[in-house]
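Common to both upcoming complexes is chain A, partnered first by chain B, then by chain C.
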Partner chain A sequence: MSHSMSNLLSVKGLGLSFSEKGPDFLRDVNFDLNKGETLCIVGESGCGKSLTALSLMGLLAPSLSRRVKGELSFEGQSLRFQDQKKLQQMRGGRLSMIFQEPMTSLNPSFRIGDQISEAWQCHHGAGGRERALEMLERVGIPDAKSRMNDYPHQLSGGMRQRVMIAMALVNNPSLVIADEPTTALDVTVQSQILKLMNDMQKTLNMGIILITHDLGVVAQVATRVAVMYAGEVVEHASAEAIFNDPQHPYTIGLIASVPPISGPRERLTVIPGRVPLPGSLGKGCRFAGRCPFATEICQTDPPVQLMEGSHFVRCHHAPIENMKESAA
Partner chain B sequence: MTAIVEAIDLVKEFDAGGGMLGKGKKVYAVSGVSFEVQRGETFAIVGESGCGKSTLARTLSRLIAPTSGDVLVQGTSVGALKGRGLRDLRSKIQFIFQDPFSSLNPRMSVGALIAEPMEVHRPDLNAKQRRAETAQLLRQVGLRAAHMDRYPHEFSGGQRQRIGIARALAAKPEILIGDEPVSALDVSVQAQVINLLADLKTEFGLTLIIVAHDLAVVRHMSDRIAVMYLGRIVEIGDADAITANPRHPYTQALMSAVPEARIDANRNPILLEGEIPSPINPPSGCRFRTRCAFAKAICAEKIPLLETTKDGREVACHFHKEIPVSDYGSETQALPEAAKRRFALFRGAVNARKENKTQQGEYQ
Partner chain C sequence: MLRFFLRRLLVAIPTIILISIFVFMLQKLLPGDPVLAMAGEDRDPETLARLRAKYRLNDPLFVQYWTWITGVLQGDFGNSIRTGEPIAKLIGQKLPVTLQLAAMSMFFATLIGIPMGIISAVKKGTKTDFAANVVALSGLSIPNFWLGIMMILLVSVHWQLLPASGYVPPTEDLGQSLRTMLMPAFVLGTGLAAALMRHTRSAMLEVLRQDYVRTARAKGLIERRVVLKHAFRNALTPIVTLLALLFGELVAGAVLTEQIFTIPGFGKLIVDAVFNRDYAVVQGVVLVTAFGFILMNLLADMAYMLLNPRLRKN
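Moving on to the complex of A and B:
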C-alpha cells in the first residue's frame, strides 16, 4: 500500500483484543491517508471505528493498550501502536481530535477563550489570547471578542462544535481525527460544519480522518474510504470507487439500504440480521452470517484482494457478478 | 369523506420554567397548526430538533392537552372526551417511541408487555386468547413466539423497536403515531423496520402518522409531508412534489442539506446562516426570516399564512410566487452500471435466501 511522497499516515496491521486469550476484535486494520485529503471510516455502530481512533490518538485504556498490535507511520516517522504514550504526546500538536460531543474536550468551568489559549501555550508559550481570538474568528463565531469570555454551556450545539474545531486546529495539526463530529447536529448545521472543516482543510493542508456511520456524509467529503465491519476493514478505496464500484457485499448492502432522496420509491433493500457483538464472532468471514452470497469457503478467512486502482476488498467472491449461479 | 384525524389550529405553549432566562416566559412549541389526515394515508411531519414535532405528535394522541385548538378523530372532538370515550380513543390511536428501550418496562417479559394493552383495551379476550395473539403479533413483526418469555434487555435496538410495534398493535389501533421510530437505528436495521411498517400498514389497514427529522426517510415512507419550522407548518403537500420541487425557502434549504449517499459533482448545498432561534423568543412575522435569504421588511411584520399553489400544496411564505422553485426530481443522474448491477444482485440474493429460511426474525 505504498503511496507517493504526499503520504501522511499509514496504518499497518492494527489489532486489538479485549482479553488476554481472546481473539482480536480489531483485526488486521490497514489504511492510508495523503496530506490534505480526507479519509472516511464508515460502518454501523459497534464496528470498531471509535476504537481505531482511540488507538491512533493514544487514548486506549491502559488495560487495552497492552494488547494493541500493529504499526503506523505518520509524517515519515514509524511508531508502534503499543507506544500509546508517544502518540499521546503528539496529541494537541501534530495530531488532534474532534469528538461528537464537544463537552468531551471542552471544560465546562473555564471560559472558551482561556481554553483555546491554554491549548496554544502548551505547545508554544506566549501569545495564546491573540491566537484564540484569531481561531474563533476563523471558525465563524460571531462577535468572537466578547464570546471569548463565554462558558461552553452558553453556546448552542453548532457553536460549541465550532469552538471545539478552533481548539483542535489551534496548533496547526497535520492530521485531525473527527469521530462523528456532526452526528448530534441538525442537517442544516451539519452542512455548515462540514463546509467549515473543508475550508480549514484547504487553508491548513491538513489530513482529516472522519469517522461516521452516515454514508451521505461520506459521499460528500471523502477522498478515500475505509469500510469497517465487525472490527475489520472490509473495503478500502477511493470515494468514487466505493460508491460507483462497490465490491464488498457489506458495502453494497449498506449503500443500497439508504433511502434515496429522489427518484422512484421502491421497497428498501435490507441487510438481514445485525452487526455481531465482539463476543460472538465466528470463524472465517465475519459478514458470512448476513451475507446473501456466502458459501462453504466463506467459513475460512477471506483474502484481501487488490482490484484496479488501490481498491482493497476482503472477500472470497468479489466481484460478485463472477460467482457461479449455483453458488449464489 | 371526513378525515380520520384533523388538527384544528393547535397551539401548545409550555412554561419556560425556572432559571434567570425562563422565569414567567413561555415556550411557543406549537403555534397554530392545522391539517387533515385521510384514512389509510401515511402522513409525515418533518423538521429539525426543537421545531415542535414531538409536542405535536403527543397533542394529537392526547398524551398531552393542547393550550388551544382541537383534534378531531373521525369527526369527534377529542378535547370533550372523558372516561370511556377517552379510553376508546386511546385504543384507536397508538404510539411508537424513538427509543424503544426507555419506553418498555425492563422488568416485564416481552409477552407481558404485549399482552398489557390487550388487557386494558380488549377486556373480552381471555388469557389463552391473549397468549395466542401475542405469539401471532411477534411473528408478524418478524420475531419468534418463543421470544415471549424473554426480557427487553436481551434484544438489540432493532428487535426492541419491533417489540414496541407489536405492543402498539396489540390494542388493535386504527392509527399509529411514530415519533422518530427509526431514527436511533443503524441504516441496515432502519431499512428492515421501514419495510416492516409498510407491510403492517397494509396488513392491519392502518393510518400512519410519522414524525422525523430525516427528509429521505420521511419521503420514502409517506404520501404527504408537513414541514415544520419553529412551531409552524411552512409547507405541506404531496411527498414527491415537496421533495422534488420544494417551494418554501426553508424546505429548499432542508432538501439541499440532505447528504445523499452517492457521488454528485454538481451538488451545491444552500447554506443557511446561524441556527434555529429559541422558541421562547421566536422572531416576529415569519419565524424563518432570521435565516432566510429572501426576507424583506414585511416578513418581520406579517405572519405568512399557508396558501394553496397550483399543484395543490400549501406554502407559508409572502413571496412563494416569486422565489424560484428548486429541482431535485428531474435531473437525478443515473447510477453507474457496476453499482446498479450489484445492488440488484444483492437484493435478489437476499430475497432468494429469505425464501429458503423458515426461521423468521434473523434473516429478514
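Moving on to the complex of A and C:
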C-alpha cells in the first residue's frame, strides 16, 4: 500500500450468458485494482471465478466471447470486453496469466527455455533466450542454464509452476491473473510459490488478481477482496473490511467456516446447501436458497450492488444491522 | 536411437522368417501345377519330369525352402517360371515405378488431407467443417476404379490433357514422368487424403482443448501460430503413425490403380504373376511387400519416439 494509489484495472458490468437467449450467468461483475496491489477473488468452486479471469484475458471460447458484455479500463485505456483484438495485443505483455494446472499448462513437446523465450519474442523480437534464462534464475530454478533445455515432464509440479510464473512475468506485466496457482500443489510448495509471487510483485510493482478458495491465503496476501457467488460479485471491499466487517451473509458464512489457523484447511463447504447451477438461477437473490436472512423480496427481486465508501455489497438487507433486525 | 532401431530390427527377424515360411507353404498348397502351366500343350510325362527336376520340385519341402531362402538372402529370388528372367531383376524394375506412384499419392494425400483436417478442426461445427467432412466422406466412399475411369474419360479422352496410361521413368524425362503419373497418383491419393483428413481433424480436436494451447494463447501468440506450432506439433504423433499404417492401403490401392492406368509397376507384377501361376515371382513379391510393411512400422515407431520428448531421453 506504500505504492501509488493510481487505478490499474477497473471492471464494469461484466456479464456473460452461455446461450443466445439464456440469462446472464456472470452478471454485473465489478471490481477495481490499484497498481502494485493484490485483489483476491474468492468463492466456492463453480461460482465463475475462472470465467471472469478468462473474460479479462480474452481467452474464452469464441462462442462465449461473442456474448461477453461490459467494459474495462486497464492502465488508463478503456475498452469493451468484446474487443478481442485489443485483448489479444495486451495478452502476455502488460497483462498475463498463470493457470491452475502446472502439469498440463506447459507444452510437452517444447523445451521450457524455448517456451519462455517465445513469450518474450512474440512481444519484443530477439533476445528471448537470455531473457528466459534470467527469468528462470529469478523464479528460483536451480541450475537454470541446463534446465533451459529440459522438457516439462522432467520437472516437478512446483518447478513447472515456477516456469509458468517465469513465462507470465517475462514481459514485465503490470497485471498478472493467477487462477488458483497453488491448488494443484502440496502445502509446502504452495507457500513457496505464494512467497515467490509476493517477491516478484514487490520488485516489478505489478498488480495481482489471485483467484482462490482459500481464505487463509486471502488473509495473507490480499489488498482488496471480491467475493463471488453464482456468477456475481456479492461483496467487494478492502481485505481489512472483508475480515473485520463483512456485510454480505455469504461472506459472513465463508469467514465463519474457516478453521483456526493451526487446524487443517478444508474446502469451503460449511454453509449448508450448494451453489445453484448456471441453469437453475432464480429471479431473486442467487443466495436466497442458502441465506438465513432471506425474506420475501429476496425471492422475487435481484439485489443491486450497494456502496458505502469503497465497500460494495449486493444484498437487499445490507448493512448487517438491518439483517439482524429482520432475522429477529 | 540406433540401439533402439537395431533391437527392433532384431525382433523383426523372426517375423520375416515366419512370413517367408508362410508364403512358401501357401504356394505349395495352392491348386494348379506350375509345371503343367510351363509345359503348355506338351503334356509329355518326360518333359514334365525334366522340368520338375530342373526346378528341384522333387526335393523335400524344407530343402526347397532352404534353397530359396538362402538365395533370397544373397539377393537371388530365383527365376520367373514363365519368362525365365531373374525375379530380383523384375522387382528391381517394377518396384521404383510403384514407389514413385506411392510417393506421389502420399504427397497428394498429405497436401490435401492434413490442411483440410486442421481447418475443419479449427472451424469445428461451421459450414467449412461440414463441407470438408462431406468431401472426405466422398473421398472414402468413391471407389478408385470408378474415379480412375471417370478421370481417364474426362481428362484424357475428353480434354486430352494428360496421358491415360503408361509409364515414363523420371530419369528419362522428368516432366513427362510426372505428367503420366499425375492422374493415377491423384486417384490413389484421394482415399488416403480422406482418411488422413479425418484422422488429422480428430487429433487436432483432441489437442486444441489441452491446457497448453490456452497457455500459448495467453502468451499473446497469434492464433495461426497457436494452431500450427503448439497444437499441430502435438497432433503429429497420431498422424505420422497413421501414415505408416496407410502403407498397406497404399499397396492394395496401387495394385488396382496400376491395372486401371496400365502402369507396369509392382502391382501389375503381382497380378500377372498370380494369373500365370508364376509362384516364384509371387513368393518374391509378397516377401518384399511384407518386408516393406515391417520397415514402415519400424519407421513409425521411430518417428513416435522422435516426436515424444518423454520417450526420447531413455
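As a convention for this text, the second predicted complex is superposed on the first by the 292 of 328 C-alpha atoms of A that agree within 3 Å, B and C clash if a C-alpha of one lies under 4 Å from a C-alpha of the other, contacts with A are read in each partner's own complex, and residues count from 1 in each chain.
By definition in this document, a contact is a pair of C-beta atoms (placed from the backbone, for glycine too) under 8 Å apart; a residue touches a chain by one contact, two chains touch by 3 or more.
What you see is a predicted model; the values in this text were computed from it and never measured.
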For this session: Scan A:299 for contacts with chain B and chain C and give back first, second, both or neither.
Result: neither
Exercise. Between chain B (first) and chain C (second), which does A:214 come into contact with in this model arrangement: first, second, both, or neither?
Worked result: first
Problem set entry | Touched partner set for A:6, first chain B, second chain C, both or neither | neither
Exercise. Once the shared chain is lined up, is A:244 touching chain B (first), chain C (second), both, or neither of them?
Worked result: first
For this session: Considering only touches as defined above, state whether A:151 meets chain B (first), chain C (second), both or neither.
Result: second
For this session: Considering only the touch criterion stated at the top, classify A:108 as touching first (chain B), second (chain C), both, or neither.
Result: second
Exercise. Can A:93 be said to touch chain B (first), chain C (second), both, or neither?
Worked result: second
Exercise. Between chain B (first) and chain C (second), which does A:191 come into contact with in this model arrangement: first, second, both, or neither?
Worked result: first
Problem set entry | chain A residues within the chain B interface of the complex | 44-45, 156-159, 186-192, 195, 213-220, 239-240, 243-247, 249, 252-263, 265, 267-275, 292-293, 319-321, 328
Exercise. Within the complex, which stretch of chain B touches chain A?
Worked result: 48-49, 156, 158, 186-192, 194-195, 198, 213, 215-217, 219-220, 240, 243-244, 253-264, 267, 269, 271-272, 275-276, 328-329, 332, 336, 338-339, 341-343, 345-347, 349-350, 352-354, 362-364
Problem set entry | Of chain A, residues touching chain C in the complex | 57, 59, 88-93, 96-97, 99, 101, 104-110, 118-119, 122-123, 151, 153-154, 164, 167-168
Problem set entry | Contacting residues of chain C [partner chain A, same complex] | 210-212, 214-222, 225, 230, 233-234, 307-310, 313
